[in-house]
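Down below are the structures I want you to see.
Okay, so chain A shows up in both of these, paired with chain B first and chain C after.
Our next item is the complex of A and B:
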């Protein structure tokens, strides 16, 4: 082993760095995160699946028969809502729980690159979130006969949505010192996403100032790119949405990096 | 604080060791000093105790070492590495057992240990071997496959200790490691701590259990209100109190502290426990005075004994340690 040699002969190891160290750290942290939440993952994933399917079936109760395009819009909207909800709500709740049980300091004393720990977290969120999305789509296919045309673009669309959504939630929950406040903010986020983000309804239904605001927020664009990858001819201006989300992803990564590297 | 000695001069233990120099950490825009110019060093192979009452600034210092907090000023180094400049290397070179219990509800004991070993950069086979070795050494075989939720506080603490030391850094920081641990396994844990030091690790032990520290550390520092008030070996710290004895009175519940004779050098009262330090010459007079207090109904019993580190600690900090509070 290469070592820094010292006056009294006891060698100190070189600092671990580089891609191999990052990958090894990521895999080890993922093992930790998966084991840590293994009692909860099935429940959370199941809850996500139920809420995804429930949203779709709920739309069916509100408006029993819908034109195919409207049905496709609602069903894909439900899928996107369940996908975003995990990053905005479940993730922050898990971090708040760590802070409340006092294990946060231990987790942050572990010798892994912060970005590897963050990516492990994103992966965990994806595992919890994807079943909800799939359940919403299956329920949509069964209940409304929505015919999907799933393209390979579904992979980057889902990835960019989960990465930016989860990292924003993650940065938020690390930046707010009080876990009680994190939980409150997370509740407000859920309320905003569910009620006032034009995901399962067109932005034109909102007051114009709110619709304009949403052009700059990520939610409507997340819905647009995922929709585009699932159903033919339902989404427009997809390249613009990818651009907005790319910017949001960079912002999410930069904010996360700043928050995670910050020392009080 | 009575009879206080001036703080020792800054101690620099050389380039190979862990060294904190003039560490200052303030809050409230510089109004509150959590650490006020702390200088101390720990050699590889040494068990170093950091003692002080709750709120003295022990944990604040430790959190700066591992990069969870940033000092207002001062330096923290290990050999050529600057821990303040590079908190990533600090985390690679330091293992930390926090005072709070480990978050291992969903982990079996051996999983928590091997995964932490992997996170700490240990090769899988070596980590597995060392896990087995430490589980056997601390006699935890029957809990090997037990989930964290089913562990007692003491077992969880021991598993946390193994998680910290399964693939240790060059500095192992243990914050109250023996909390909740039964006496037998405390002894086993101390054996392992000694073994770590023997292997060249600098062990940094944070505690307010003075009696345990007296038996176990090579050197120690006492900090109070953010300042280092004494540093040395247990016996060097007791040197000033040679030719003195400890006269302890268990006062009757509800009585006030009696007025103390002139031969009492220092005194502290914790609950009904009155601890005084008297000179050896005054032993007979002291016993007579203690007996008189019993006859007057002020005290229920008394004990005369040798000065311990506890008495030094009480003199320097004005606080009794955990053991005294429990007594």
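Our next item is the complex of A and C:
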């Protein structure tokens, strides 16, 4: 970067555009977000790990003799549930908390590109979510002897799941002005993701109208691509799932961008 | 009834206690009016909603397993009221700093506690029945309802309310109470023999559940809704009664002390 100087030698502040500025802002925001939530991160990550492993072990108790297919669904599904839960439900709760504390507007007054702030948020959510996913898989391997066939596709699958899930939650929490409503919506989302989305059980167990609806929602596709990268022979039509998730990500980015660009 | 209507009322006697109880019942009802609707919603989600959810996870199951789910649902619908909403109401007082005010009201503390017990015990009943009805529609099993379902639901509801009441008062930090309620829900939904037979659990964990109240709640209610699925129901009644009495003792100690 060429430094422009005033006559008396004091350098001007760096111009606020360009890739270097974006990266710098992203790193600064990431440090900011991490420091801001430093007390929450270990607790949330731990809670995710507990709920991921708990989902596997709990249903292992309730359904003691599981056929391998059901067990594979349960284990991979528990991993996916914890991943989605963080971005779509825990993230919005953190934003709602910022709004209630009154620190929300201050955050947006920081001199960083809002896209850098958004990506920092996605990174933070990934840090919280990944331990839960690992815990679910480890618990599953120990409890059910699921034979994993992990492919490199696990990296893009987990990435797109976290990015699209987090951005959906992000759009939701920024588009809804009242934090109380955000909290309520995120509670409902937890309920739907946990119980009424065919993530940890086959879609055939749902009534057909619900299964059809889920073809257009992102959750079942997130589960499909992650399952495809972890075990053999369950996932079908993976390309279609990637396409649906790409569309959902674009929608979430567009909504987030529209909300964040708006000035009060 | 006393004929002496002096300016200063004497704050003792059965009449005063009953009047205080009536007043506190009214006070709680007005205070918690938003809760009244919320209780029903939460119960239908936790009871009726879980009936559907378990169905999705369990897939195709036998008739006995279906009956187990349906007869476990009322207990599942009662748990959030006693173990979450009662502590939530008390937590709210602590967070909003109205806790000390409630105790400063000139009523016997026993009357105040009895009002809370009465309110939540009765409040939980409609949601329980609706949840049972939803589960019954979902699984279409034949229930064999006996008169013992009435005391079963009343005692389980009273037990849950009493336990929730005493631990919410006993734990000074409301955030800790919140954590405890979340743990209880997690435990009840995923790790308790409520919608499945207890003998499919590993021995040590089943032994833990023979001490905890959740299994016994489901057991006495199941005995009132079906025949042939339940054994040692007398033990379950006894365990629930013990939990109720112990929680009353704890509540009496916590509520009675002065700071």
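Miscellaneous remarks
To be clear about the criterion, the second predicted complex is superposed on the first by the 248 of 264 C-alpha atoms of A that agree within 3 Å, B and C clash if a C-alpha of one lies under 4 Å from a C-alpha of the other, contacts with A are read in each partner's own complex, and residues count from 1 in each chain.
By definition in this document, a contact is a pair of C-beta atoms (placed from the backbone, for glycine too) under 8 Å apart; a residue touches a chain by one contact, two chains touch by 3 or more.
Just so we're clear, the structure is a prediction, and the values are computed from it rather than from any experiment.
In the superposed model, A:258 makes contact with neither chain B nor chain C.
Of the two partner chains placed by the overlay, only chain B lies in contact with A:16; chain C stays clear of it. Shared-chain residue A:113: touches chain B; no touch with chain C.
Contacts of A:103 after superposition: chain B is touched, whereas chain C is not reached.
Once the two complexes are laid over each other on the shared chain, residue contacts for A:206 go to chain C alone; chain B is not touched. In the overlay built on the shared chain, the residue A:25 is in contact with chain B alone; chain C does not reach it. The residues of chain A lying in touch with chain B in their complex are 4, 6-8, 10, 12-13, 15-16, 21, 24-25, 28-29, 31-32, 35-40, 98, 101-103, 105-113, 263-264.
Of all residues in chain A, those touching chain C in their complex are 51, 54-55, 57-59, 61-64, 70, 74, 191, 194-196, 198, 200-202, 205-206.
Across the complex, chain A is touched by residues 14-16, 44, 63, 66-70, 78-81, 86-89, 91-94, 96, 98, 100-103, 105-107, 111, 115-116, 118-121, 169-170, 200 of chain B. Across the complex, chain A is touched by residues 45, 49-50, 52-59, 186, 189-191, 195-196, 200-201, 205 of chain C.
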